[in-house]
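So, here's a batch of structures to check.
You will see two complexes here that share chain A, one where it goes with chain B and one where it goes with chain C.
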Partner chain A sequence: MVMDAFLAQLWIARWPLFDGFLMTIGISVGAIVFGTILGCIVGIQLVFGSFLVKLPFRLYVDVMRGTPLLVLILAAFYIPAVMGLSLSASQAGTLALGLFAGAHIGELVRGSLQAIPPGQIEAGRAIGLRFPQILANVLLPQALRSALPPWINTGVELIKGSSLLSMIGVGELLLKTQEVIGRTFMTIEFYVFAGILYLIVNITLDVLGKSLERRLGARL
Partner chain B sequence: MNYTLHFGAVWASFDQLLIGLAIGLGLAVAAVAIGTLIGLLSAFASVSHSRILRGISWIYVLLIRNIPLLVLVLLAYFALPQVGIRLDKYESFIASLALYAGAYLTEVFRAGLLSVPKGIVEAARAIGLTRLQTNLFVVAPVMLRNALPSLGNTFIGMFKDSSIAAAIAVPELTFEARKINVDTFRVVETWTVASGLYIATCFTIAALLRRLERRFPKF
Partner chain C sequence: MIPDENARPLLEIRDLRKNFGAVEILKGVDLSLRPKEVVSIIGSSGSGKTTLLRCVNLLEEFQGGDIVLDGETIGYRTSGGKRVRLRDAELSRQRAMTGMVFQSFNLFPHLTAAGNVMLGLRKVKKLGKEEAFAIAEKWLGRVGLGTRLNHYPSQLSGGQQQRVAIARALAMNPKLVLLDEVTSALDPELVQEVLTTVKGIADDGATLLIVTHEMRFAREVSDRIVFMEQGRIAEQGTPEEIFGEGRSERLNAFLKSSRH
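On to the complex of A and B.
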């Protein structure tokens, strides 16, 4: 049976595939953490920074959003080396994904900060709060809540995007799958298997995001 | 950091980059054209009365949106021949990108469909148009106009995703840039120029779309 042969090969390849799966998750988590911190800074500067501060952040966001992720990944893989910085392929990949996520999350944060009525800042000032206090206690709690659904979406995009790292030799799920295919020639079976793994992770994320959204929505 | 910029090596191959850019645009146009067809069918299915049609559309979008495009591309190029479907690299890439675009466009058109005012549908039915005529001549034009901004964004997204064709050696912009990068080792210059070309193209498309949107007033 074809199915039996596939299951036998899958059993043989279980640890490399598991390693690849962990690598995919690890890199995506690293990128979303880095991207979220960066994105919060970018978003806040894009709304409240002076013109001169806004300019470089705007440029960063537009460059990241106008360039394909694959080009960012290849650039992050090749450029640091000639700058005298030695990054491993997985570090370069995480950097590229994180910078990409930072721009997208920056736009999300900017959008949700701007959606907050300006009266709230004025009210905060009126009761004697300083700007950092207003930001931390009034604006960010609301902004981050409304940015949550698209933030989860960015996470899904990052998991999908991490598959591109196979092209710079990062041993994540897709590269490990390709290695197994190179040995077994079971092309359809293993690509479909990898696809199903991605599907499971992303749908889980989606469901998680939806329930989180409901719970936060109830508190509003 | 001892790196001096020499753009000469990149300018020498600039023609190839431009041809690559044109190929990328061509791939995106073809994929979005087919994807629009798929997206329209799937969007109408998703608001239809038939539970089966709604289910098919839902599963299609769920599957495609949660699987990386690169996996789809590799499946179409390397795995389909196993079941006797032989497509060359252009055909298989356009097929997979179209399928991918179709899922995103389903959501775009679905939102567009829901934005069509009920009154004009009822008016069309009242003057005696059949259901098909109503959909074709009243709902579709209004929906397309309302969906235009998102449609444009999807096109820009697909143009950027055409870079993934480099994985199966389609000679588009990213593939050419990688070749120049490896041939000349002018790393910084190559990727700056490639990225600049993508950004310039994306912004041009976005500007053209804004003009188009202004020409046709929104419903």
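On to the complex of A and C.
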């Protein structure tokens, strides 16, 4: 049976594949955390920064969004090395994905902040809050809530995008799958298996996001 | 409450000038309020009355004149003969001395009624959670919303939302409360509950500066009425003087046009 043979090979390859899966998740989580922090800073500056402050952030966002992710990954892998910084492949990969996510999340946060009526800032001012306090207690809680659905979407993009890191030799799920295929020649079987794993993670994320959205949506 | 005639003015506005670009909105306004006085500003839209209120709460910059609140000149300092706008931290401290209630409520939608009232108490007055909640409970009770502490703004009617906004302003214990057309965004059947609440806080001795289109309410609640026209105070006086028989021709014209 073909299936039996595949399952036997899968059993043999279970640990490398599991390592690859963990690497995919780890890098994606790292990138979304880094990208979210960066994105909040970018979004806030794009809305409230002075013209001169906005300029470099705008440039960053446009460059990141206008460049293919694979090119960003290769750049993050080779440019620091030329500059004498030694980053491991997985560090460079996380950096590239994080910068990519930061630009997208920055735009999300910008849009959400701009959608908040100006009366909210005035109400905060009227009770004596300083601007950073208004940001932390009035604007960001509202902006992050409305940015949640597209934020989840960015997370899904990152998990899919992390497969490109196989190009610079990061041992994530796709590269590990290719290594197993190189040994077993069960090309279609293992690619389908990897595809299903990606699908399961992303659908789970999506469901999680939708239920969060429902719970928060009731209040706004 | 009868204001003390001899008390030092709580609010003193002197020759206030404000323009948006080339358009002059306020052309030299002088107005003072004594402690516990209730003053209503009436006038057609575009007369500058809302802008005046927003200047007092430093939500607008102004180009000339002074605003003195409880002896302190607010918003600007003079440095080398030049007017300089104060820094954000200073402006915030001065804004906390006045409370403001907006036409469009401006409640924080992600916070409950109690959370709305507590935010300033926690972050500006630095009170502990229990203490802030107790004050929120007291004030929401005072505006008749003691049973709605944990409701979100979206779960409240317009009138209830505006009463939360009133509680939010008063809980900060401001020296002066500014009310900017607080019933204009409400359905007619919800207007009365808000006006009754405002009447209540006036009777408790709050100092109020009110911008309103509700003439009957202004007459009922105010010690003094100020009629603004084209960026200036055209007339002021007791409600009897303003609404009574001997009123001027232009006031007559405005009152006639504003009757719905």
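As a convention for this text, the second predicted complex is superposed on the first by the 220 of 220 C-alpha atoms of A that agree within 3 Å, B and C clash if a C-alpha of one lies under 4 Å from a C-alpha of the other, contacts with A are read in each partner's own complex, and residues count from 1 in each chain.
In this text, a contact is a pair of C-beta atoms (placed from the backbone, for glycine too) under 8 Å apart; a residue touches a chain by one contact, two chains touch by 3 or more.
Quantities reported herein were computed from a predicted structural model and do not represent experimental measurements.
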**Message:** By the touch definition at the top of the document, which applies to A:P68: first (chain B), second (chain C), both, or neither?
**Reply:** first
**Asked** Which of the two partners, first being chain B and second being chain C, lies in contact with A:S163: first, second, both, or neither?
**Response** first
**Message:** With both complexes superposed on chain A, which partner does A:L175 reach: first (chain B), second (chain C), both or neither?
**Reply:** neither
**Prompt:** Touching A:I44, do we find chain B (first), chain C (second), both, or neither?
**Reply:** neither
**Partner chain in contact with A:I32 - chain B first, chain C second, else both or neither** = neither
**Message:** Quick check for you: in the superposed arrangement, does A:L108 touch first (chain B), second (chain C), both or neither?
**Reply:** neither
**Asked** Is it chain B or chain C that touches the larger share of residues in chain A?
**Response** B
**Message:** By the touch definition at the top of the document, which applies to A:G128: first (chain B), second (chain C), both, or neither?
**Reply:** second
**Prompt:** Across the two complexes, what residues of chain A are contacted by chain B and by chain C?
**Reply:** none
**Item:** List of chain B residues in touch with chain A within their complex
**Value:** 1-3, 62-63, 65-72, 74-75, 78-79, 82-83, 160-164, 166-167, 174, 177-178, 181, 185, 187-188, 191, 194-195, 198-199, 202-203
**In the complex with chain C, residue positions of chain A that touch it** = 117, 119-120, 122-131, 133, 137-138, 141-142, 145, 219-220
**Asked** Which part of chain A faces chain B closely enough to touch in the complex?
**Response** 62-63, 66-72, 74-75, 78-79, 81-84, 156, 159-164, 166-167, 174, 178, 181, 187-188, 191-192, 194-195, 198-199, 202-203, 206
**Request:** Can you check the complex and tell me which residues of chain C touch chain A?
**Result:** 57-59, 88-89, 91-93, 95-96, 98-100, 102, 104, 106-110, 119-120, 123-124, 152, 154, 165, 168-169, 172
